[in-house]
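Following are the structures in question.
Two complexes follow with chain A in common, the first pairing it with chain B and the second with chain C.
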Partner chain A sequence: MTALGWHLSEKEWTEWLRVLLESGIAVIAPVLGTTGTSEFQRVGSAEEAAAPPPSRTAMSPKKFLFPQSEVLFSFDFSGESATLSQPEMERGRQLLVGLRPCDAAGLRRLDEVFLSEPEDPTYSERRQRTVIVSQACTQAGQSCFCTAVGGSPSGREGADLALTKLEGSGDLLLEPVTAGGEELAAPASASWRPITAEDRAQAARQAEAVTSAITREPLPPNAPPILASSFDSPAWAEVADGCIGCGICAYACPSCSCFDITDSGGAACGSRCRSWDSCAFSTFTRHASGHNPRADQPSRYRQRVMHKFSYFPAEHGGEMMCVGCGRCIDLCPAGVDIHHAVLALASGATLRVQARSGVKA
Partner chain B sequence: MSATATLLPDLARITGARDETYDVRTLQIELVERDRAESFTWRPGQFAMISVFGFGEAALTITNPPDEEGFIEITFREMGKLTSALRRLSTGQIVGVRGPFGNSFPLDEWGGRDIVFVGGGIGMAALHAPLAAVLRERDRFGEVTVVVGAKSASDLVYRGEFDEWQRAGGARLIRAVDPGGEVDGWDGEVGLLPDVFERLGLSGAETVVVVCGPPVMLDFMLKATSRLGTPPARVITTLENRMKCGLGYCGHCSVGRFMVCRDGPVISGEALATLPKEL
Partner chain C sequence: MTKVELRGTVEAGARWKPRVVAFTCNWCSYSGADMAGTARIGYAPNVRLVRMLCSGRLDPIFILKAFEEGADGVLVSGCHPGDCHYVQGNLYTRRRLEVFANLMEFVGIDPRRLSFAWVSASEGVKWSRVVDQVVSQVAEAGPVGSWAVLHAPSTLAPQPRQPAQPPRQPPSEEEVRQTTLNLRELARRLLENGEVSRIIGYAHSAGGMSAAPAFIDTPEDAERLAWSANSPGNLTAYLSGPNRARRPGKTAVVVKTCDARSLGGLLRENQLPRDEVVAIGVSCSGQWSGGRLAAKCYACESDISPLADWSVGAGGIADGPHPGTARAVAPDPRDAEIAALASLPAGERLAFWTGEFDRCIRCYACRSACPMCYCETCIADKTQPQWIPAASSGPGNFAWNITRAMHLAGRCADCDECARACPSNIRLDLVNHSISRSIERSFGSRVEADPAAVAPLTTYRPGDPDRFL
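Entry: the complex of A and B
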């Protein structure tokens, strides 16, 4: 039987994190850095993890499941016999806390990619030893658009446990979403109070307030098929105008899963790495001959948008490969705005002014 | 189909090498571990990821037919860093092999039909395995024609096998070079492959046309076959996109929803028409 959830004081929540830390679980949480932005980091104390900064982290937490760069194997042909050796993987459990619901949903999209047949062994191994605690948003950013892509500031997709911080008291509601989440909480939960109807009402009011603070429009329900027929639209050049192909959109994205494989070292010994890649790069599709199926930047940006809003949904029951976190919008040095791009394409208009409204002065 | 989604290659040893042209080379490769070699089975049209350690991996079609157990062959043109490094390797040296990956040519559907293989430049490498498979079971098929084209006479690959292909009613061979690519005494065709193909009227409504070459050639071949009345469902090609993983994850080879490594590389002209124009 699934527990309905618990009402914890901040002290109880911190105490539980301390117990988990002491049991050897790696706890990863948003930590405020010296530059004013926060990033997901492995924390040393429960206090650090217990009260994450309210601002969204600059980068998504995906590197804890899909590292930015990882050694696949090393090779050594210098001795008598040629050998390939794989690095030792960490084996301990990891707890990701303080994920906005969009980030938890983003990790679920990675699951769709890496856990489909044939399963990716290193991703799968990391996923199995990871427990994800999402935290309902208490504020909406200007670039947030989770509600436009089927998400919600209090959504639970991808989470094992869902946390809601109650305004006023600062108490927390912890609700199990998966058996894995419930199992982790089970030893401690005997001493926690159950969630009351009043708690739920407050949580719902808070969620409603954040949802209504999201100003970005929903996408038309038929956006994927409209996009599918918009491949040759002249609007692509306009919505991608200014894109310099830096790839920050893909690096910051919680759901972007493309990777490169490269060798380093020499022919005698070295290693092979897998690293994040981006369809924004000209080399992503360029053949050795120099021929490039996506020869210009608009065609590369089109691939990004089409993959997320047309190709992926067509194979995943309408689910989009974008969770509306808005990082790519905030970080783009050229003001390219994926939400406006999809709206523009899906409305059949070019909307030049609207598509460029994200440009910072 | 590979059993696991591994990015870890099997070690393999180069057991033979021959130059097809001044920049095209064929290597024979054997997996080092015997049980891995024995379980490595493939179908014509499938490809392998070949590692040149220190340089990376490249997707290369397996050019020998599957009944040649114990080794695979690959034919490649020296083009970039990896293929240059691969060309410098010699017999006895170690490479890596992952695969086989992808789908294969639908040879079962070709029984009784006339088949025309059309290979432009290094594209001929991808046709070598299905051609060899067809010639092994020659009686199952109608007329077999091989059209080998290249930019010049010295770029024609598999010249050493031309006689063998034509032997004992095997295949009709047509050689073609681009205008300006002929040498003194050239007795083959001159012209771009799709033009030569159309001029000679090499296909009809029931013919299977198997084609591989540069993307622009494919485009013109589809037009030429269409004018000759061959339905696009019977024009079969194999795509050669940049690839990294071969497993459908890395994103490099996608053409719309089509992942060349997972859904291809073999595809009909009919299916190709449903994909975005992004080849």
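Entry: the complex of A and C
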């Protein structure tokens, strides 16, 4: 890496986004929607992308690499011969900006799943034309727990370029993380000021302030093996108390990668589609015979927790399949809290005992 | 006509001819069409018949499926009232389709696309007239062709939701605290005496909710119970269906007045025996979040449901339903929003609702949070046939949200849990509430807590509104 980073004014940053937009790159950024929450959307102007709303988006940005539903191919037997056709895909590059470091890290977890052999062709194709700009957090929400799972509010995992907004001046520090990021910035960066030591010091101070604002405690380092030995713990039923079996947690999650395949249409023509799936659904494991090896909600919730905090780390050098973004906690209609659940399981105490000591009237 | 043919008409452009799918009952209308044929009475060739044993068999999802597959219009036809081969099938369907037609109108589907008729086996002439009329109506409405047509971008400015002044004040912290203590006291007593084996209530939550569902099985654990001015979650959803969390013996459940209506519904629909559930009514002054009163609470007249076996409030514990003194109510803000939508042109309404349903991520939280969605296998999970496209896309999202709304018609307890659970903030509350209001207008009945009350779509009256040609 030759460049160490640049110090941009807001104007320069917006200008660069405009140049990228005009060059035909699809820019995707958090945009405040009509219902008061923000969502990642393709934006039409640099101004929209330059000033993302402060609130975390309700959904993660994963749909831009791994769409909620996509047609894999269509078939048609109605003519003389059978024809298979693949849907037209966009070919242009896309730039994801305004991702929190947890979101960028979540996409990296998806890379682990989809880019390891056998590689997923459509994911890989989208990934190759995507550049990710993460932005250091300036505040921590009450459900944030990236620091509990090895992340940081100023982390760079999964990012091609890392952006830090300086408090006070509103200027931005843009630092290349990968060669792809540097390459994208190269044409414009000649006119940008280099980062100074003072800039770095301020960025570090800001990062520290946000880190210390995260109140959720770290998971014990031996959480994965403890979980692995807790498969039959009665605590699963307690931590999943109330889980109603909807798909919100998996769909909002930046690192959940499960999908289902369905054929639609008729015998003569139709299409094969893949759509997100959730381990919380009873249909996720239901056999054709009707038998369901995960017969109840606690066993499904256990799968969710085990996959993220035990099975995945065991195969990926301890890395968890949870980046601590907290979306599942905020959105759960039944108040299920995955951070609380893992802590309870890993500490060996049951949730009920723990909660009892901490509840005020 | 195969699906391919049906779809093929979409591309026809200038050669477009309306395609109408007609669902006819075997005994009258199908025979009526046959009569027209044998008597050589001509009628528009644009109609394709689907024969059913009775118009009562018509599930509104058939109509949605026909539109999804490219039909431009749908006609439903059955025996005249009083002539049903099965005595009353058509009278039930008359009610159901009245509600469905009102819903379609509310979401902005052109009413010319949906027609109903009574045609007897001897009315070949009437059949011919009806088909000609329906086809010319559909021709005027133009092609649906593809659901892309339904995705005209909405020109509606986002409407800030500013409900009127709430009729009540939120409870004081002291009232909430006393209620919590009394709730724990009652819970301890019920568990100690062995009167119940589990209490489903609320506890303080570490996560995003002010009060989350909690299952309490021991007297000591009763300390976890809590009441808050914002205690969302309709806990009767844990009494039956896939989320059933009852234990052997009796299970007590903490209910607000709205939740008790779904308890009444579950009892009415025989989903659990009355003597296995103990309803703990908590004195509720409405659900308050961020200083705002939930819309469903404005017009709520009683702090305790008549179904309560126990009443718990800040003042104490009482046996049976003991509501507080009469309290102030105000018009339901949802009614004003529904009226505002209803006053828009149909195209605008359709744009609004397709915009709403476009945000659906098919997480099915609406279904999971709903006490009345207790089916072990939901129609959305059926794949043979796949009634509702699994993909999160225009047709699938529309079919899912409308089908769920219709399955709840006349059963919905109006607790708005689906809208609260929805991570995309789709206005499901307005969909369901508009159906409740349409049922009230058409049949003069509303969903009651009383399990003995008859659900509006499980009955009929001879003088019901009749929009059949």
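Note that in this section the second predicted complex is superposed on the first by the 351 of 361 C-alpha atoms of A that agree within 3 Å, B and C clash if a C-alpha of one lies under 4 Å from a C-alpha of the other, contacts with A are read in each partner's own complex, and residues count from 1 in each chain.
Just so we're on the same page, a contact is a pair of C-beta atoms (placed from the backbone, for glycine too) under 8 Å apart; a residue touches a chain by one contact, two chains touch by 3 or more.
Bear in mind the structure is a predicted one, so any value in this text is a computation, not a measurement.
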TODO: Please tell me, clash or fit, for chain B and chain C sharing chain A in the overlay.
DONE: fit
Open item on the list: Contacts for A:W236 in the overlay, against chain B (first) and chain C (second): which applies, first, second, both or neither?
Closed with: neither
Open item on the list: One more residue to check, A:F64. First (chain B), second (chain C), both or neither?
Closed with: neither
- [ ] Tell me which partner A:I248 touches in the superposition: chain B (first), chain C (second), both or neither.
- [x] second
Open item on the list: Quick check for you: in the superposed arrangement, does A:Q86 touch first (chain B), second (chain C), both or neither?
Closed with: first
Open item on the list: For A:G266 in the superposed arrangement: first (chain B), second (chain C), both or neither?
Closed with: both
Open item on the list: Quick one: is A:R294 in contact with chain B, with chain C, with both, or with neither? Answer first, second, both or neither.
Closed with: first
- [ ] Check the residue A:T34 against both partner chains and state whether it touches chain B (first), chain C (second), both, or neither.
- [x] second
- [ ] Determine, under the contact definition given at the top, whether A:D337 touches first (chain B), second (chain C), both, or neither.
- [x] second
TODO: In degrees, to the nearest 10, note the angle that opens at the C-alpha centre of chain A toward the centres of chain B and chain C.
DONE: 80
Open item on the list: On the combined arrangement from the superposition, state the nearest Cα-Cα distance between chain B and chain C in Å.
Closed with: 5
Task: Set of chain A residues, in rising order, touched by both chain B and chain C - done: 260, 262, 265-266, 268
TODO: Using the touch rule from the top, collect the residues of chain B that touch chain A in their complex.
DONE: 2, 4-9, 11, 32, 51-58, 79-80, 82-83, 85, 94, 96, 214-215, 240-242, 244-245, 247-252, 254-257, 276-279
Task: For the chain A and chain B complex, residues of the former touching the latter - done: 72-73, 75, 77, 82, 84, 86, 113-114, 116, 118-121, 231-232, 257-263, 265-268, 270, 272, 274, 277, 279, 284-289, 291, 293-294, 299, 303, 306-307, 311, 314-315
- [ ] Spell out the residues on chain A that touch chain C in their complex, using ranges where they run on.
- [x] 34-37, 58-59, 68-69, 71, 78, 142-143, 241-242, 244-248, 250-252, 260, 262, 264-266, 268-269, 273, 275-276, 278, 281-283, 297, 329-337, 339-340, 352, 355-356, 359-361
- [ ] In the complex, go through chain C and note every residue touching chain A.
- [x] 2-4, 158, 177, 180-181, 203-209, 211-215, 220-221, 223-224, 226, 232-233, 237-238, 242-243, 245, 355, 359, 361-365, 367-369, 381, 383, 386, 389-393, 417, 420-421, 423-425
